[in-house]
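Naming follows writing order (A, B, C and D), and every chain is counted from residue 1.
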Amino acid sequence: MDEETILENFRNELRNWLEANCPKALRDSAANTKNSPRQEDHAAWLKACASRGYTTPTWPKEYGGGGLSKEEHSILLEEIDRIGTHIAPVSFFGTSMLGPVLLEFGSEAQKKEHMPKITSGEIQWCQGYSEPGAGSDLASLQTRAVRQGNDFIINGSKIWTTGAHHADWMFCLVRTDPNAPKHDGISFILFDLHQPGVTISPLMLISGQSDFCQVFFEDVKAKAENLVGELNAGWTIAKRLLQHERSMLSGGMPGGARPSKKESGSQKATAPRSYLAESARPYLGEEGGQLNDPILRDQIAQYELDSLCFGLSLQRSGQEAKAGQGPGAASSMFKLYASEMNKRRSELVMSIQGASGLGWEGEGFTPGELFETRGWLRSKGNSIEGGTSEVQLNVIAKRVLGLPD
Amino acid sequence: MSLVLSEEQHLLKQTAAEFISEHSPITHLRAMRDTADPIGFSKDLWKEMAELGWTGILLPEQYGGSELGMAELGVLLEECGRTLAPYPFLSTAVMGATAIALGGNEKQKSNILPGISSGEQIVAVAFQENPRFAPYAISTSARPSDDGFILSGQKAWVWDACGADQLIVAARTSGEPGDRRGISLFLVEPSCQGIAITKTQMVDSRNSARIEFDDVIINSEALVGELNEGAEILDAVYERCTTALAAELFGISQEIFERTLEYLKTREQFGTLIGTFQALKHRAADLFCEVELTHSIVLEALRAIDEDRPYRERLVSAAKARASDTASRVCREALQMHGGIGMTDEVDIGLFMKRAKAAEIALGDSSFHRNRFAEVTGF
Amino acid sequence: MSLVLSEEQHLLKQTAAEFISEHSPITHLRAMRDTADPIGFSKDLWKEMAELGWTGILLPEQYGGSELGMAELGVLLEECGRTLAPYPFLSTAVMGATAIALGGNEKQKSNILPGISSGEQIVAVAFQENPRFAPYAISTSARPSDDGFILSGQKAWVWDACGADQLIVAARTSGEPGDRRGISLFLVEPSCQGIAITKTQMVDSRNSARIEFDDVIINSEALVGELNEGAEILDAVYERCTTALAAELFGISQEIFERTLEYLKTREQFGTLIGTFQALKHRAADLFCEVELTHSIVLEALRAIDEDRPYRERLVSAAKARASDTASRVCREALQMHGGIGMTDEVDIGLFMKRAKAAEIALGDSSFHRNRFAEVTGF
Amino acid sequence: MDEETILENFRNELRNWLEANCPKALRDSAANTKNSPRQEDHAAWLKACASRGYTTPTWPKEYGGGGLSKEEHSILLEEIDRIGTHIAPVSFFGTSMLGPVLLEFGSEAQKKEHMPKITSGEIQWCQGYSEPGAGSDLASLQTRAVRQGNDFIINGSKIWTTGAHHADWMFCLVRTDPNAPKHDGISFILFDLHQPGVTISPLMLISGQSDFCQVFFEDVKAKAENLVGELNAGWTIAKRLLQHERSMLSGGMPGGARPSKKESGSQKATAPRSYLAESARPYLGEEGGQLNDPILRDQIAQYELDSLCFGLSLQRSGQEAKAGQGPGAASSMFKLYASEMNKRRSELVMSIQGASGLGWEGEGFTPGELFETRGWLRSKGNSIEGGTSEVQLNVIAKRVLGLPD
């Protein structure tokens, strides 16, 4: 059988499997609002996906993954898309952060122990990185882990821990040698949050959300076998994850910073449009098709123009990496620019909406207006989380431009 | 004209700083917000402010006022900006007091002004209908009837309307929305049949409401000033309130700049105070210049009104534009320099940012006022 | 579409960088300027460039062209930007070649295009009349006469008109200045009676002239393309030239950014390299991002023309706007970071700044192109 | 006689003196373009002014000055203004820089020797401060002065020396102790430029002007008696002069940064106007009185608005100093802002003029256009000369804001 036939068979088999296993209520999601799925549907679909490893489709089968090739993965995404559903979600921090780390740095036992539980959705993970005194200067973290028999005993606290209040386990940076230079005394360890000594307090943000928590540890135990990589060599893993996070943040910002697949392709024949400008139309009015406020119109144009340039730069960077050309532009640049763009977009929206953007909740404002106002406040954090803009500028100056220390 | 405070103004500033930081520190606003207080401030404290002569600061002595000027009002609002004191200075002490003092007849004056001076009357002025400020875009109508007018239409973003004792409503009695002529002001009791006041939850947690007028019958004595010439009064009301907002925005800028400076001097990262980083130093120095420039124009605009100077609209617009831009920038930088902690509700930066945005947008943002500045300057 | 150079394009870039830095380094422009060279470049060197296939880069092989595209032209202009090579790419290889190749009849093509490809014909396109670019603001008129037209009016800022072998003149044959319709193009010999070409000394030391047409009699064969439909050709000419300018501006930005980076790494003050100062580091990093973004949009716009994509005007305008703003900003920062020495004529920063400003203003500045970008995007 | 009478007498006497001594061709300068003054008129007027010390009106009489009180000085300026003339100009660096320094730090002999020659216009001075390797970091200057008998022997070079090619003498910062900490080995010394070993090369600027020179010293001699202040204590004098220069630069920028006396006064009854906007009118066109380009109009408004705020801040700073209030805003702030404003104005003018702003000289452009274009290039130096904007920001951060080093 040639490769094409194999893939075609894969697709056919997959279609049948989807037809048999994906609950009807979870398909054609847009058209399906009346027939809203029940809890059992979600559970059944998760179980089905997990059974084939489709929640982590490219992970090796021996660790619970789907073991799919790149081509098979594409087919999976296409078919999933075709029937209007999504792969059942499991722990984001598990699939995107911890899994790749374990694959690269974990022991065989760790992979066997932890990865299948990510795939099955059994365990939700969170990431213990920042501390109250260690933000931009992450490596100055002070949470201590001391070996005691077969355990590490952990004391200290973490802050900005996304979703800690819904998580089961944490992967965590701890200080295991307080006397070593600060980058050389850090370890990467995993432990269960459901144990005495763990206190989790959600942090209320200025935008009214509380996705982040502060987590306190008082004599919390982690088994020594859950140390990932060498003792005191956790900074290497931390850096790898930071890089990874930066790339995700730069590609995943709302509001146009992410290049739409359609737009970035060539030969685009549909008329270009600006969602920002269209949303501004009812507020600003128009004359001859032009927004009635020339100053805001100019600023919207500048935003869209920069957004376009940003999308193209992401695209070019990918192509350059593939072509093995040059250093390309660093992920720091994209993280920096995506955050700043998103903040700029939100400020523009606030200018456009005028007093309609001053609502907090309740009547008198559309849901869209309330959403944008909260989003404006939330956007201020973009240039702080995942490494501040200042840190990104430092990294660019040093790594990309080679400026002296 | 002097751009430094006189001895009396200094004294006022001191008293205001002490009183407000003691009785309405920022925790006061938080408490009002967190308890969802229906009017968002303490009427008792407002009466205490009245005793200090603040509520009637712009009113003549004959109505219990302290007969001071905008320069003094600016001092108060600067201090309010520093602690985000949510008191009805703009609605009552500035807009309401100005509308009645300038436009009211003797009866209206004696009915309303002493109550403002004593802190017993809260007056809300209902002018805005559209999200983007346009001074004369008024469609709420007052059509003549037998013995008065019938008011219908709606207003939004009316400051301190919840729990207000009186409403002043700008309504159209002729012409089209946008026309300067044809607007009339009416003094209306909020309890009148057909008036529905709905509180709106605002980002700055201030008292604000939508008001619907469903064929509200008012008698002809409710008219404030001349029929169709309400814009004359409204312009004075806008002018004073715009400048007062600039003073408040300046107070916010100053407070938040000082707090950030303090943070730069105490927060450590990478084994050193973050205030040693040159990039942050330069940004802080740059902000300092903006705050200083804002201070100057705010002082000048306040005094220009007191002195009744010609072309002072130019100074008023310059003050509002500069103060809006400075506050917005200082808040943004403050949040960024504070890092993650600034994003938490627990730290106050967000509260300042929210109030600054509301004040920035009120009565025209910086772009609106640059346009007006250019118009007055003749280009 | 690929945003990285193909192997052939890489090779072209290498050749161009070597040839131009050897034969037209920035000292070449200086020499032209300091000797007040009447045409501002070397015709011999232009012929050498022709041998490399550069002057006919956009022309079909049948007219001696190398039949490459805008992507390749962009590579050349980027290198020209790096050394400020004052060669008539824009006037002749882009505008002149495009006008005749797209609009000319067979006779005009065979008369002119081979000469462009061989470097023997310098063609200047006379379109601009007003200091601020407006594509159809053409009042120079061509009124019909017995056997042709009578041309009268004046043009300014005509690139490479001094010593040009041919002029292409955009004149109005109907309608009013500003109308898109009613413009016609004419191929005219500069030696015709009634044509006065006056060299203007430009800030960028390039060849530029005012041209007066005093009832110049031209025969009907001079018409390029359809009568009154010259804007069709002109639009294509503008589009290519605008994008070429963006490529040149990008080349300038890159060069000047690299020089500044080098200076930051070698200049000492206060006992340390100035590149260690964080404030300068952050500004340099920020500039780097701007230059990178510019690079992407310039590549995209060049390719969009080659691929004849719909709505490509949006990309072209984005490229010109971004490249103008980036070049302007990089030049300003370069000068400031170089300090006093950057202010001297001896150091090259000023030369780049002057050329960047001229290129920025040519065919519409960034504000013009943001407006056009918004129009094409439909707001 | 009461003071008022004394001043009245002074004014009357002055009027008579001016009538008798000020050449007619030098009065009512605006109206007088046809009757253009001759060289002799200038010489006679200088001689007359100098004879009464009016070229340095407030300097003490014993050093050649006018010895005028503040009130008398005001009267002098008024009367000079009334007849439409100016005080005959003498060395700017002598009157504004060296004179005050000598008064504060000079010996009696130095004052007697040098000040009268400034007053009389006999000696033109220039300032030897910056060096090729010592720009922002002025104190790292390397020009050496070594004592040899009764002379100092000077070797090294200075750059950015304004008007050195027209000057007779230089006041100069030299290193007299190369082993001391850099601020402690500098002296302030005066010497004659008309001697062997001095080479002066004007520097051509990007704007085509050459007001500045580079000056080379090869075994140049300065008499020991021309050392001002103590040996190795020149940095104190240097700092005083820098402060002074900063204030002058912030008050003396062209283009609206300087607050016009009329504008800053209250009760201004004439309609406000913007020269920048008026000069833009022919280029941009107008509609209903508004400039036709809304974006540039907005930027011009922002410029004028900031310019207004700047003028008011200068005024306030003066009033605060008088009232003894607070630290006021530092001269660094004004220097910084004035430079940046002037650069902004020039960039705006360039945007307004479009291609008309691209001329260098000759026909095809108005003199005003050519002037603005040169001015645009020249303005780039504003934020470098007299202390770069970066240095001003450092000074504000340290001195005004108290940020740590």
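Here is the rule we go by: a contact is a pair of C-beta atoms (placed from the backbone, for glycine too) under 8 Å apart; a residue touches a chain by one contact, two chains touch by 3 or more.
Computed from a predicted model, the values in this text were never measured in an experiment.
Novice: Which chain has its C-alpha centroid farthest away from the centroid of chain D?
Specialist: A
Novice: Looking at B-D and A-D, which pair shares more C-beta contacts?
Specialist: Greater number of contacting C-beta pairs: B-D.
Novice: Once you find the CA centre of chain B and the CA centre of chain D, what distance in Å lies between them?
Specialist: 44
Novice: What is the distance, in whole Å, between the centres of chain B and chain C, each centre taken as the mean of its C-alpha atoms?
Specialist: The mean C-alpha positions of chain B and chain C differ by 53 Å.
Novice: Could you tell me the distance, in whole angstrom, between the mean C-alpha positions of chain A and chain D?
Specialist: One centre to the other, that is 58 Å.
Novice: I'd like the Å distance between the centres of chain A and chain B, where a centre is the mean of that chain's Cα atoms.
Specialist: For chain A versus chain B, the centre distance works out to 42 Å.
Novice: Any chance you could list the residues of chain B touching two or more other chains?
Specialist: 277-279, 281-282, 367
Novice: Can you list the chain D residues in contact with two or more other chains?
Specialist: Within chain D, the residues that touch at least two other chains are 295, 298, 390, 393.
Novice: Going by the contact rule set out above, which residues of chain A touch chain C in the complex?
Specialist: Touch residues, chain A against chain C: 266-269, 271-274, 277-278, 280-281, 286, 289-291, 297-298, 300-302, 304-306, 308-310, 312-313, 315-316, 319-320, 323, 325, 329, 333, 336-337, 390, 392-394, 396-397, 400-405.
Novice: Over in the complex, which chain C residues touch chain B? Could you list them?
Specialist: 277-279, 281-282
Novice: In their shared complex, at which residues does chain C touch chain D?
Specialist: 128, 130-133, 156-157, 198, 200-205, 210, 268-271, 277, 279-280, 332, 335-336, 339-346, 349-351, 353-354, 357-358, 361-362, 365, 367
Novice: Inside the complex, what are the residues of chain D that reach chain A?
Specialist: 294-295, 298
Novice: Mind listing the chain D positions that touch chain C in their complex?
Specialist: It comes out as residues 130, 132-137, 140, 159-160, 203-206, 208, 283-284, 293, 295-296, 343, 350-351, 353-365, 373, 377, 380-381, 383-385, 388-390, 393.
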